[in-house]
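Next up is a structure, given as structure tokens.
Chain lettering (A, B, C and D) follows the sequence in which the chains are written, and residue indices restart at 1 in each chain.
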Amino acid sequence: MWDMIRKIRQVGILTEPLPPFPAEYTQQDPQVELVGGELQQRTRILLGRSLHIRQVDAGSDNAAELEIIALGNPYYDMERFGLHIVASPRHADCLMVTGPVTRNMALPLLRTYEATPDPKIVVAVGDAARDGGIFRGSYAIIGGVDQVVPVDLYIPGDPPTPLELLTGMLIALDRYRGKSSRRE
Amino acid sequence: MLTSDGFIRILNLLSVGVLVTGMLILWRRSLLSAVQIFGVQSLLLALMAVWIAFYTGAAHLYLIAFLVAAIKAVAIPVLLSRIIRRLDVYTEIEPYIGVATSLLVGAGLVVVAYFVMQPVADATNLPTHNALPLAFAMVLLGLFITVSRKKAVTQILGFLVLENGIFMLAVLATYGVPTIVEIGVFLDLFVGILIMEVLVYRINQTFESVDTHVLDELRG
Amino acid sequence: MDYVAKFLIAVVQLLIVLGASPVLVSLIRRLKARLQGRLGPPWFQPYYDLAKYFQKESVVSETASWIFNFTPYLQFVCMLLIALFVPFYTAMLPLDATGGIIVIMYFFLLSTFFLALSGLDTGSAFGGMGSSREMTIAALAEPTIILAVFSISLVANSTNISTIILRLGSDYGLLFNPTHLLAFAAFVIVTIAETGRLPVDNPTTHLELTMIHEAMILEYSGRHLALVEWSAWMKLFLFLSLLTNLFFPWGVATSLDLLSFVAGLVIFAVKLTLAAGAIAFMETILAKVRIFRVPELLAGSFAIALLAIISFYVL
Amino acid sequence: MFDATLVLIVLVAIHLAGAVAVYLTRQESLLTRQLNGIFGIAGGVMALILALIGLQRNLPGSGSTVLLSLEGVMPFAPLEFTLDRLSSFFLLLIAVVGIPVSLYSIDYMREYVSHPDQPGAHAYNLGLFGVAYQIFILSMILVVLASTTFTFLFLWELMALASYFLVVFEHRHRDTQEAGTLYLIMTHLGFVALFIGFMLLSGPALVGNTTLSFSELRISALALPSTQRDIVFLLMFIGFGSKAGMIPFHVWLPQAHPAAPSPVSALMSGVMIKLGIYGLLRITLDLLGGGPGWWGGLILVVGGASALYGILYALVDHNLKRLLAYSSVENAGIILLASGAALVFWSAGNTALATLALVGALYHILNHGVFKSLLFMGAGAVLQSTHTLDMESLGGLIKRMPWTALFFLVGSVSIAALPPFNGFVGEWIILQSLLLSLALPSQGAHIFLTLGLGALALTGGLVAAAFVKAFGISFLALPRSAQADQATEAPRLMRWAMGINAVLCLLLGLLATLLLPALQGISRAYLGPDQPTVGLAISGLEVRTGTDFGSLSPLLLGILLALLALIALWGLRLAGINELTRRSMTWACGRFTLSPRMEYTATAFANPLKRIFAFLYQPVRALTIETPGASPHFAQDISYRNPVRLWFEEYLYGPVARGIVWLARRASLVQHGSLHLYLTYILSILVILLVLTRG
């Protein structure tokens, strides 16, 4: 116990403020920069500051999962943006789908989509989720996530870095707000 | 000067504290923390002796309290921890009687002690008489620890808890037996523990275990 | 007390439990995040979550019956009802004579009962597992609660909350009596077990097989989920309020004047902050125990509660 | 106002006429059932009137006037009946349970009529059932009115026999016969104890005089030496306790209740086992007039142990009716516990607390009668609709039998002592009485009462777990078998009967304050006025205990609950929450289908507690996997059994039964069938007797 307390005191807060987005990333996708600029204002808005994510592995090689796990660590700490990974699609607002959709995972993916209450968004993470990536053409896969469920956002990369993921998810947050403005 | 009421209140708190540490020893599977809890228990006993000495003015109790603190709260825990580290046996994995059950048995023993000691406690008119059943409960708890646990270290601990109970009984009932007797007991105890340490070490060497049930077979 | 004052106090009690329970949760989460070296979620994150859940549709399993839809509302109402009987900043509870501490405990059990049924209702194996575990823990925690409550009422010679607080508050000697302190220790353990905190249950787990409370509510979504979550937070809030105020009734207002109310509120906030700090600290340094080790913990609390009663009779 | 004697005569006439009428109709199905039900209800109404007369009249506790004395009906002695407070209360119980059950039986018993489209099914003789049923109810009513030793024992035996015939009604099942035999044996063991007890009670001068009336017994009991009183108490405790289902004499209950037709189970569990308590109260409070503290202590400890044992076995039993039977053992235990506490308080001279505890016991008797008969009726409805009581093949019934499910749920919530239903109020009073025990000076009593409180506390949570299992597994989620899938709602009269009891559960919970003064009056009639302080005070809608110790207002709690629900619903609507609901598949991690085999089973539900209490259950785990192919990974059939050990059956009755068989075998050695041998025995015995009697 005492060891742990000492360590807690020594380490302090590790979370880093979000840096300006990497140049090459913004060049590829100009939309990201736009969103990044709005980030500060959005933090003051109450509604829509909560996004619950259900991660679906639709046949991934687990590279993207490793990066997603990193989002929860003290450096990236996605909880500070209201992002939270949940255990059931019923609790989720966002499905984070990784991997090329294999034939066996197509129906479960669809079931997961059906199980998620509206309004919801689907984020395809990684190149494989976009169009099959390096697995493209394999007999075992169906193709990108959009072959099975409608996709709202792609986060490119093989795998994307945690920072890219975080940026992407903040865009997702934005999209989500657009959808949820039922009474606005 | 302190009122008798305040004296009894603090004394009762201390005695319940001692009893709770006894239960905690039953609760914990980790041998090291059990030994530490025993140290705390002895410290509480020492405090109790000091408190009684302070109230009654029985000066010899200060000396005894010091001895208790030095031997039982410091020396013996250090020794026992050494055995544990040296033997590399850190947990009571599977006691004869499960932890949950033995906690309930422990609580039951306290009830029994209360039942048995109530006439005795009523017979004396010392201000400390109410805590007597708790002291007796400690004796029973110590015995119970000894019979319900497998590891030799825990059994020694049980024996020590029993001894603490007797000491508590003596302090509460008679404000301490004569100093010389008490010192003698402590010395015996200390030597006893040293011998046990050696013995446990030998048992471990011979049987590669400190589970005492390996001693069941009489033929060597 | 005239009726206006009674009514106002009742309304304020409800507002406090509704409004402050998410803050308490947020406080624990932030403290935990700090201890883990993170910044943690924003202060009002629980409110954002609730607001969002309420705006979503609710997906209900085809298998489920009306029990599933009914439970969140029942739970919510139970917590509101209990809030009328739990002292926060004042001991002048308007409805105190309607029922004492035993009523509180049985309303908690009522909400657990229905939550466990709703876990079974969808036919999902996870829900059934959660219900089974929740009821196991509830069944083992119940005796300790009763005995701890018994000890408190022995010390204070009443089972009515206001009376308990008034009597304990007027004689601090009662607080430092072994029965009271042992009952406190036992109550701490059952509070942890009942509110699903570490080391009994992990409120942040994502793995179904390690879940207890979470497994039962896996099927809930939208407004139902909002109500279930909110009720769980309120339960935590109510248990911690009971724990702090019953055992340490310092500063709880015992008269009807504004000054003591304000002082009561401030002291109550301080007490809850301390309790939240203790929980956050414990959850940082402790790991969850195996489910079959939980009975040992609860047996320990039962033994302590029994000791509390015995020591009342002995000493 | 009605004349009580007249009401009693009408009551007897109704039931006897009912028996005759039902018998005359023989197998004629609908009329038989209707007549049986109508006569049962009419008798119940008469019993209700009689009970209300008794409760209203401010009768003294004992020694009230004789209602009816029948000379010459029986050859040996007159039958004599009186009405006093305790009898009135139990009449109320019989009426409150009997009326809905009779109503229920009309539709339920059609099960036993041979169906034209099911030619293979055997019909049962409903006429005989009706006779036994009427006699059973009549004997229960008369037993609480009986006021001579002979009358009491005669009717007690009549009640036992009538209920035996009802238990073995489905005589074509072997299990039923065995259950009936066990019941017969156990009830007669109890009867022997009662018989000897009553003989001893009559005092040295009058030993064996069965014509003594209770008022004479009261006087003779005062003169008894204390050891004889103790022996009488113990015998009566065993005799009545075996009827009440306390351990270790409970073994017949979990056998007989599932075997009997459901209305009979409801009556036996709801009423008959309470008559054991009635006997015990009659003996201890009235005839013996109280005793030493250990009497109460013994009742309390055995009651607490019964409560724990009963609920622990209810938890692991997956036959719906057997679960309910074990739960009856538990509830009888709670009632005994409270009665024992009352006796402890009484012997300590604290009548205030004794009254409180006795009121708790009486209220729980009534409550248990109501909710347990409701639950048995619910289980009967399930049985009729699905033809199984095995929870592992039930499920999903809430959609198929919505009313039955609702009523069963009400029963479950009540029995788990959850507010705002009736079980809670009874439990609250019992808890208060135990909590107040600190007022007693005696230290021995503290230990007993703390033990009782511990047992009660342990029971509370386990009941909730057991009934979450009972309701959740049987009624919720997906049906686990084809029978459960094709279940249909219970017929109208059965629904009505269950509905009446469900409403009673709620009313007895909310309006407890209306009934409690009557119970308080009954208690005070036997225990004397409250001293040293007030134990239980009822003012308006509020119940208060002790001096400022506890208070409860059940109706206000109910109103608050409703009010807060309205406010919450209104507030949420006002806040504009999204009320859209979409139906979707149960989330099973994206599985294609959800099959009932994926559901949690009753065994699985109870398993954590089974493991935790393994030291008691000592479960035997048997797992067999059949793999027809070469690979061990493709199992065709996996069977897993994990039965628990029944302690008393295995370690007490088993050895005793084996011992008797062994003795019988030994005895058979001398039986050779040879006439010469028998004559030799006679000769040798004659010689031995002559030698012995010489001096």
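Everything below uses one rule, namely that contacts are C-beta pairs under 8 Å (C-beta built on N, C-alpha and C of every residue); 3 or more make two chains touch, one makes a residue touch a chain.
Keep in mind that this is a model prediction, so the values were computed, not measured.
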{"item": "Chain whose Cα centroid lies nearest the overall Cα centroid", "value": "C"}
{"item": "More contacts between chains, A-C or C-D", "value": "C-D"}
{"item": "Computed distance of Cα centres, chain D from chain C, in Å", "value": "36"}
{"item": "CA centroid of chain A to CA centroid of chain B, Å", "value": "58"}
{"item": "Intercentroid distance (Cα basis), chain C paired with chain A, Å", "value": "34"}
{"item": "Rounded Å distance between chain B and chain D, as computed from the means of their C-alpha atoms", "value": "49"}
{"item": "Where chain B touches two or more other chains at once, by residue number", "value": "98, 100-101, 111, 114"}
{"item": "Shared-contact residues (touching 2 or more other chains) in chain D", "value": "443, 450, 578, 580, 582, 584-585, 587, 612"}
{"item": "Touching two or more other chains - residues of chain A", "value": "88, 90, 115, 117-118, 182"}
{"item": "Contact pairs between chains, per stated definition", "value": "A-C, A-D, B-C, B-D, C-D"}
{"item": "Interfacial residue positions of chain D with respect to chain B in the complex", "value": "443, 447, 450, 612, 615"}
{"item": "Chain B - residues contacting chain C, complex", "value": "9, 12-13, 15-16, 19-20, 23, 27, 98-101, 103-104, 106-107, 110-111, 114, 130-131, 133-134"}
{"item": "Residues on chain C engaged by chain B in the complex (per definition of touch)", "value": "173, 176-178, 181-182, 185, 295-296, 298-300, 302-304, 306-307, 310-311, 313-315"}
{"item": "Interface residues, chain A side, partner chain D - complex", "value": "88-90, 105, 107-109, 111-112, 114-115, 117-118, 182-183"}
{"item": "Interfacial residue positions of chain B with respect to chain D in the complex", "value": "98, 100-101, 111, 114-115, 118"}
